[in-house]
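Quick heads-up: structures coming right below.
Consider the two complexes below, in which subunit A is the common component and subunit B and subunit C are the respective partners.
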Partner chain A sequence: MIRLEKRPNPSRLWTALTPVLAVLLTMIAGGILFAILGKDPFEAIRTIFWDPLFNEQFAAFSRPQLLVKAGPLILIAIGLSLGFRAGIWNIGAEGQYILGAVCGAAVGLAFYPSESPFIFPLMVIAGALGGWAWAMIPAVLKIKFGTNEILVSLMLVYVAEKLLASMALGALRNPEGGGFPGSRNLSQHPGTDNPELIAGTGLHWGVATAFIAVILAYILLNRHILGYQIKLAGQAPRAARFAGVNPNLLIAICLGLSGALAGLAGLFEVSGPAGQISIDFNSGYGFTAIIVAFLGRLHPVGILLAGLLMALTYIGGELAQFMLGLPAAAIQAFQGMLLFFLLGLDVLSNYRIRLTGFAAKGAS
Partner chain B sequence: MGGIDPVVLIASLMVASTPILLAAIGELVVEKAGVLNLGVEGMMILGAICGFATAVETGSPALGFVAAAIAGAAFSMIFGLLTQYLLSNQVATGLALTLFGLGLSALIGQGYVGIKAPNTPRLDLPVLSDLPIVGPILFSHDAMLYVSLLIVAGVWLFLSRTRGGLILRAVGESHDAAHALGYKVIRIRLMAIAFGGACAGLGGAYLSLVRVPQWTEGMTAGAGWIALAIVVFASWRPWYALIGAYLFGGIVVLELNLQAAGVKVPVDLLAASPYLVTILVLVLMSRSKSRAALNAPADLGRSFHATA
Partner chain C sequence: MTTLLSVEGLTKAYPGVVANDDVSFSIEPGEVHALLGENGAGKSTLVKMIYGLVRPDSGTMTLDGRAFVPSEPRAARASGVAMVFQHFSLFEALSVAENIALGMEDPPKMRDLSARIAEVSHAYGLPLDPARLVGTLSAGERQRVEIIRCLLQDPKLLIMDEPTSVLTPQEVEILFATLRKLRDEGTAILYISHKLEEIRALCDAATILRLGKVVASCDPREKSARELAEMMVGKVLHQTKSAGQEMGEAVLSVRNLSLPPATQFGTPLSDIAFEVRAGEVLGIGGVAGNGQDELLSALSGERKSGDHIFLHGQAISRLGPTQRRHIGILSGPEERLGHAAAPDMSLIENALLTGSVRENLAKNGFLNWPRTRAFAEKIIETFDVRTPSASSAARSLSGGNLQKFVIGREVLQRPEVLVVNQPTWGVDAAAAAAIRQALLNLAASGTAVVVISQDLDELMEISDTFAALNGGKLSAKVPAAGLTVDQIGLMLGGAHDMEVADDHAEEALHA
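So, the complex of A and B:
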């Protein structure tokens, strides 16, 4: 018989090892999936994980993309991880990301055609505020009425998508765009652009912000009383209340902060890689960031690595789509699988596996 | 407003509500057993494509619904395995189920975009279906709609009038006490999860076979999440889930009719209204804390680990 025995503390070894194991298992399961789809599994895995970085033909294009894709994922996941640690589930980052982009872009477009260097900082502030405000809706409702933040934040994603469509077709539409939906291009206009800071690396302001967020989150969680309270509230909510943690304040901070970071990610995306507000501007970063947060064990450094890995599957997935005709949905399923394996393997860090034979039965 | 016919409105709101109703009644049973499965959206969309594909390949919508129920239940067992045996976090695992389901369904559905589903026959009773007002509302729907009402009645009967229902509720209220009494907590929960998955699968298939009826990626568009909200709205009572789902369906149908009638409200606001109304309902329900809290299963969302 197999018996699980709860560990007094999660095993550090297994906590670090399970993401690696999960990735390996996902590669195997993904290989089987690709084989069922009639693709060579080894070639598919190599195309996804190896070619974007080391293939001579593609690496020059793919490598900078790594940071471009990882930036928003890390930025959003860092914010989400704080809430997840405290048991506050913001799963509407996709909506906050959209609002950040819309608000930031609106500020940038309001000053058009000015090229003043003050516009971009203003856009950044507007983007963060937009995401923050959108996340404060579930926060306020939870604090005031005890409404479930999971459902509210998720419903607001759909509302944000409708709002985005209305903006792309209406208020923010490019007046010189010949009636096509979509705003003016922000990334090709000095003053509103979020350029590549070091040529050929893909590093833009959003990526830089993501790195800063990683460092600040690390300090917050390890050196600051708020970080301690967040961890305490998640592990022992009752003890946290006795220790004087204000749960409402924690809800407001965790949701607000994750919203602001998601909003920033949206702003940096719309002024950089995406370039403009369009109907299909959002591409699921807000949801993939949930996987990134868990894959990184809700730890800032882990999230940094997980964000890079997840970005790799995005780029590798596009490459596999182009080279092998692998459907885009296969990558989405592949990413979902990764989360499953990770959550399943978590049992190893929280429990000891005991093999109990008949002899042990009498003892227990 | 003259263009909106109330009889047609009621008949079509029943059709619009059924997918959410099916998913909600399944999730209600799951939550009564003390398990919070946030993967409803994922199970629904998987049911939608599996039901659609089966119906297209075999030409039989009935087989499609059967396949959707099986697919939903099988898919929910991933969640069951992870949360019940490997004791993973239910919120995270449910989310994973949704994300994976969206990806997997898109993958399966690649060859089915733009195809029309075989027609699901409607009830056509002599005399009864031709009655004015009552006929179109009560006697001319497809069989699945009546099945959904039967499921609601069955769940109500099971939960409130049978020993099995009592045991299931006991497991949801206090898994430790139920375990001490000798009930198989994990087995009971797994059965509840499978039932929830089957219902969500049926709901998804109703969407792709009757309501739309077509397959498009991500076609559930939040219906699974709305079903979760309906369970809260219903305070875990089956008949209230029916009322909640039908009220909700009414809003959706009214919104579509208003759009068609060209009422001077921004289209995007109308399109967002189902989601805004859901939020509003959640707020109203959580305000009256005592009533909802009394009905919420006490052990909802907590992992069960037998220590002895």
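So, the complex of A and C:
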């Protein structure tokens, strides 16, 4: 019989090392997978992790993509991580992302064809409010009626997708678009665009906001009483009430904040890389951000690194499909392995394995 | 008649507390043997060792003349020992027969099993329909399922842990009739309880535990409930503090405080009234589950009430925990891990948990970590908390050390009123003495102290005044000096209305 026994004081070294070790193990296991598929494992790993950044032929295109993809992931994951730490599970960031994009785009389009410099800031506010409002639905239902925020927020994703389609086909459709679905292009119109701030880097306002969010989240969690209360509520709810934390207020803050950040991510995407509201505007950032949040073990700096790593495997994965003909499913399995190894090693750093009958120490 | 089970010198120590110390007793076939003791006396640990759930550190057991060393409950069951737990382990969505089949090593066909269940249940006067879903059964009926599950094993020894705590008086009568029938057939019953009248009505012999040791054995039918209570509590209730100490004006007063239970299993508070003066230690005694948690949460501000609680005459009932700390009302809940302290957080972070307001550990919401660390280190130093450093996780400390930290954290904040619940629960003797001394010193410096405890020795040692909490009602307070066991027993309602007093007692023990 194998038993898991909680370590009283988990080693800080191991906690820091597990992500690195997980990446290495993923490379090994992924290499074996690719070898079984008849590809050169070393070339495949190199294509995924190295070529997007340093290959002369591809780097010019894929290097900026790194920040473009990592930006929304980090921004959303930072918001989610606050709730996750407090034991409040917002699974519907994808929906809040859509609502942020729709609300922000609607404000931008309302002023069309004005090119006033005040439009973009207004769009940012509208985007944040849109995501916030969508996240407040599960928050209010949870506070008033005790509903499960996981289910409500998740189901609202599908509502948001329908809303997005109706917007792309109806209210926000480009009147000059020849009847095709989709709004006017926001990124090609001065005043509503979210341009690349430094050419060739992929850095746009959304990426900058993500970096700022990382810093603010770090300060919040380590220096501010609200961050302390979030951690306390997640670890020991009864102690949190004893400490004077209002659980309902915390639900509203955590869901609202994560919704607002997801909404911002959507707004920056629709006004930048995506350019317009279309039926299939959302591409799963809201869900992938959940993985990013856990991969970064809910720590702001960890999320920053995890977001970059996740973006890298996406870009490198596409490159490997394109260059080596690896099936998309193999790439997804590879990304899945990363989470698997991370969570597995996480367990080993927090628990030791005991074989009952004879004491044996865990492999970690 | 040969002895069925004999236990010799059983000892089990947990870190910081000896749960059983050299316990010996024996049970004859066809005997209903009571195991009597206050909460924390070691009853549960003892039966867990007999049932193979806990392995003793030393000592031997003999069953039917053979050495008995159950390594797990299955081994105990195979040897003829069955146990009915106070908390049922039944699946509500399954039928009675399915639930019983799940617990069997080698279940017969469902139709045969159902017939057997119907047969046994009628034979013992516990009617039960095998096809009914457990979810539709009352607590008493669920207990029948557990009892029948045991009876199907044809046990030689049946252990019952606080069986009447979930039953109505009528159901208790039915249960007792069944147990007497079993006894007449030669089954021995080990009956755990602290309900004295029940034990006098049912049991042939009693072993009384106190602080992990056997303090007496007797025939409960020949003793009065009062005599049993004396043996359970211990006669030595000595006074270490001189009575009639100078006390100031009333600081905290509670008037007509009633509060519905927070959970389904909670105890409602009804019409609580008392006042505590500066420098006074008010001891509130009572068996667990009589409203102690509820009273503490009403005073700490975790639960709000109408205008029933006053500090210096000002109504404070509507203030939350943070605001109450601000005006000087501090508290220490019973549960150390998870309530008074966050287990996975460091002692520094736990110092912040209640200290942020009075110790100025946060400014505009921003935390002052150096100051917080200094506060944590001051607690550790002043209260001799044994820990590698202030950065250690709370759960890595022993119970006694963490309790010293938790009490010390409140004491060092110079409260006007300090309310503590079970301040020395599960704490070794040295730490317990240190905590009591700290509470006395605090009172001497002019704080009004309320100590809620089940440990009557402790209350007699440190209290100036005493009141008893019983079924959510608080007795009038009386001077602690000169109180006798008889009077305390009567105040606790021990001898006259036990069935009301103890309805939820054991939940708190297992919580």
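FYI, the second predicted complex is superposed on the first by the 336 of 364 C-alpha atoms of A that agree within 3 Å, B and C clash if a C-alpha of one lies under 4 Å from a C-alpha of the other, contacts with A are read in each partner's own complex, and residues count from 1 in each chain.
Just so it is clear, contacts are C-beta pairs under 8 Å (C-beta built on N, C-alpha and C of every residue); 3 or more make two chains touch, one makes a residue touch a chain.
Keep in mind that what you see is a predicted model, and the values were worked out from it rather than measured.
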Room on subunit A for both subunit B and subunit C (clash or fit): clash
Partner chain(s) touched by A:Arg352 [first = subunit B, second = subunit C, both, neither]: neither
Subunit B versus subunit C as contact partner of A:Phe340, first or second or both or neither: first
Per-residue touch tally on subunit A - higher for subunit B or for subunit C: B
Which superposed partner A:Gln332 touches (first subunit B, second subunit C, both, neither): first
Subunit B versus subunit C as contact partner of A:Leu232, first or second or both or neither: second
First, second, both or neither for A:Gly244, with subunit B first and subunit C second: second
Segment of subunit B intruding into subunit C (one of 109-117, 127-135 or 163-171): 163-171
Set intersection of subunit A contacts, subunit C complex versus subunit B complex: none
Touching residues (chain side subunit A, partner subunit C) in the complex: 8-9, 223-226, 228, 231-232, 235-236, 238-244, 246
Complex contacts: residues of subunit C adjacent to subunit A: 300-302, 320-323, 325, 333, 335, 337-345, 349, 352-354, 356, 362, 365-367, 369, 392-393, 395-396
Touching residues on subunit B, where the partner in the complex is subunit A: 38, 78, 81-82, 86-89, 91-93, 95-96, 99-107, 110, 217, 221-222, 225-226, 228-229, 232, 266-269, 271-272, 275-276, 278-279, 282-283, 286-287, 289, 305, 307-308
Parts of subunit A lying in touch with subunit B, wherever the complex brings them together: 4, 6, 37, 89, 91, 141, 145-148, 150-152, 154-159, 162-163, 165-166, 287, 290-291, 294, 327-337, 339-340, 343-344, 346-347, 350-351, 364
